[in-house]
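Below, each structure is written out as structure tokens.
First chain A sits with chain B, and in the next complex the same chain sits with chain C.
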Partner chain A sequence: MEQEIQKNDLDLQSTQDIVVSMQDIGFSYGNVPLFKHLNLDISRGNIYGLLGKNGAGKTTLLKILSGQLFIDEGKTTALGENPQKRTPSLLSEIFYLPEEFPLPKMKGSEYLKVRAPFYPKFDHNEFARFCEEFDIDLEKRLDQMSLGQKKKVLLSFGLASNTAILILDEPTNGLDIPSKRQFRQIVASAMTENRTFIISTHQVRDMENLIDPIIILHDGSVIFNDTVASVSEKYVLDLVTEEPDKDKAFYTEKVLGGWMVLNERTDDSDGKPLDLETLFNVIVDRSKGGTK
Partner chain B sequence: MNRFNSLVKREIMTSQKDLTTLGLVIVLLLFTSETISSLAARFSGSNFPPEVYNGMFPTFLMLGGFIMTSMLFAKDMFGKDSQHDWLMLPATNLEKYLSKVSLMTIAYPLVLIVLFFVASVVIEPIQLLIFGNPMAMFNPFRLKGILTLFAQYWVWNSVFMLGATYFHKAHFIKTVLAIGVIFIGLGALALLYIRIVFAIKFGSSMPVFNRMFTVNFAEANINLQSFRVFVDIGKIIYYGLLPIFCLVTAYFRVEEVQATDAV
Partner chain C sequence: MQFNTRSPIYLQIAEYIYDLILSNVWEDGQRIPSVRDMAIELEVNPNTVIRTYSLLQEEGSLENQRGIGYFTAKDARSMVLKKRRERFLKKELPALFVTMDKLGLSLQDLQEYEKNRNKKEIENEVKPQEEQ
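Up next, the complex of A and B:
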């Protein structure tokens, strides 16, 4: 009996920790299917990286879980609610920063007055702090700002809104080099155990050491949803100068100065840390049952 | 209620510049029209027409209102880049919808009345100084059939509201065309119905069918007194059911809008 109660407690805890759940979902654009029987669970308190080739459906997936697109079949829940209903209670817990967006013809300070009342947990002091760190002038008109500046305004707003889920679609596109570093620092500092970031990106080098776990979308389904550490525990990456035996290595790639080789980890192996780009290539390559 | 107020505030603030421009254009048009009328009256030696504002008010209310209503959802529901902002705004679909509907159905006519009055307060003294015209302020209560005008606005605004949510682009033109097609269809049906009724009563020869084109309407009106109930039913459908049907259907369109509707 006691064991049963403990098990139920654990189940409840794990259910509460899942902020987004997609079960067996199907989605098509007209007659062109994109997702078939896609399953995905996203847990609270992580910065997820959503990776995939062009057209893999990363933005579509983000729009489905935020209620901007409706699925054909299956079930999606975000914070326990059906996102398609777009209830205020759910929307006030999701902030979505799209890749491209226009902003209204008004000053940043006016935008704040118009938009902030919709987010009950909005923190004006935090917003001011983020804006200061990003060096944003709120008295400047938003429609006259560059894409990078607009992104900084919206990112500051999203972080200050204290929503449970933050969805960032290609957040570093349009940011200059110092701003990318600022972005990583601010996101890392704003992370709490109650928040979940979902960052879709192609710029994996910008996100290295920030995003983990990683979700990889390929051929209409999620082919990887795990931490980099879990892969590093099993495999080790080495740089060798001589061409490796492709039958023995798990994955090989010709790089400048030799070959990058992923081998199964043995007790004494001590290789390079696994980078996201290699991880992505390995997973996608293996999913095709392709060449080593 | 707070959320609804915030939505209305958002609607106004995001289109503040466009609304200000529109207001200035209206004032400028009124001033120009008044000046041309004054010049025409002075050079022709005729009396100055006192009802310039009253003459222009229905045009701005109807045409201006319907064009604005048609554009009401264009960016928020169908704008490729701007749609997500509206969809992700933490408010119910009904609140988002009603904030727009109330602005165009209630606020726009009221603001237009105030704007016309303020414009007349500014323009009339200038006209008096330059041309010596008698002051004729805009007074909506002097406007002939103002209640019917607002009732017509309520009906047709709801039709354009439906067009605004139904069509993905060129909302105004498509709504006008759709209304035209529906009228032609209904007209053809009515003609067919009358043709059948006349044929049953008078036979099916064409001269009898032609009778309906030579109906004395004054006489027919007296004869149709017993059918008054049908006229009342028609009014209820026209002023009550039709607008409500359009507004409810438009709301359902708002509920089902998604990113794939963006153009």
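Up next, the complex of A and C:
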């Protein structure tokens, strides 16, 4: 992989170094199989969006790659290490923000003193700036905060930790309306070409323009891992007023005033690009037919 | 900035930048916000801004000075003006003619409208002063 790195500093996506690699993963909860032959590569310098239906295994996947769950089959590598070994060198480069979590009975400022030393690249100035933007009172006890406030403390902490991998599981759940906007701004400002963010979410509209590439988890495996742009370059959505031939079109959806049809893009296409919700529906819908 | 779903985000950002250049908010040869600052302002993925900046750099309306940052080209405004005029003549004007045919409007009708529009604009400008 190393020799494939292109020296074009304008295009982060061309720096193909892989930070997380999952090969032929099998995982079960007891007798209930979840992942079968799952493969996934994640490359540096991107904000990935992890999408999937309820129960698809988004949180499980994130826990596997951060060493919190152990796989039955296959091989996982994060920053060149096996996450199941939980080495300090790896754990100091991964921050994981769970969807729900208990926080200790201490003030935000005390939490910072206890936890920040685990992350060698922790930036205290950034942390202070994020807290100010999120309007967090660090002298308040964490266990007395609302879910949204707790989330903002840990988000600020995770972003300021400057870890190579930052995992956010449903980060905008519990955030109020102004905080969602601040979230997008802070994530954009904390992103660098050396970091990789993996954000799992159902709230695609909160992050429509933030997450790209998109990973779609469905039926025990990764059925899509690509940029939205690469799909928009190939396909467009056209609104038609006559009912389309369902066997011919890739995807159709009944909407107000007609049908949305996915067509291959031609030079004079003036259809619209896929939004994330439609992209998700198209990919999941098409995977049912066994084609990809 | 409000994005629509009609075209990819990176192209919408390009249009936004063209507007900034055309309206002289960004002057020729001036330094423009970094990728990160633009991403924060627009609340988008920094890689999307990189894509837009690369596109405009290829076109020649932006320049990247290594280690310093991005600048508008010295002839950015005239380039964008040329590009937008071309698009108007090739795409928007033919569409306008089609609509005019449909509605039975001639160029003379439009000229009348243009005169009246100018008059109305003048009236509108005068009005607030009359009220005082």
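We adopt the following convention: the second predicted complex is superposed on the first by the 266 of 292 C-alpha atoms of A that agree within 3 Å, B and C clash if a C-alpha of one lies under 4 Å from a C-alpha of the other, contacts with A are read in each partner's own complex, and residues count from 1 in each chain.
Keep in mind that, in the parts below, a contact is a pair of C-beta atoms (placed from the backbone, for glycine too) under 8 Å apart; a residue touches a chain by one contact, two chains touch by 3 or more.
Here the structure is a predicted model, which means the values were calculated and not measured.
Partners chain B and chain C, once the complexes are superposed on chain A, both fit on it without clashing. Once the two complexes are laid over each other on the shared chain, residue contacts for A:200 go to neither chain B nor chain C. With both structures placed on the common chain, the touch criterion links A:69 to chain B but leaves chain C unconnected.
By the touch criterion defined above, A:102 lies against chain B but remains apart from chain C after alignment on the C-alpha atoms of chain A. Chain B and chain C, viewed from the C-alpha centre of chain A in the overlaid structures, lie at an angle of 150 degrees when rounded to the nearest 10. Our summary of the superposed model lists a minimum C-alpha distance of 27 Å between chain B and chain C. Across the complex, chain B meets chain A through its residues 2-3, 6, 9-10, 13-14, 16-17, 79, 81-85, 87-93, 95, 258-260.
Only residues 10-13, 45-47, 181, 184-185, 188-189, 191, 208-212, 228-229, 232, 272-273, 275 of chain A touch chain C when the two sit together in their complex. Across the complex, chain A is touched by residues 3, 5-10, 36, 39-40, 42-48, 50-51, 53-54, 57, 64 of chain C.
By the touch criterion stated above, chain A contacts chain B in their complex at residues 29, 63, 66-70, 86-88, 91-92, 94-96, 98, 100-102, 104-106, 110, 113-115, 117-119.
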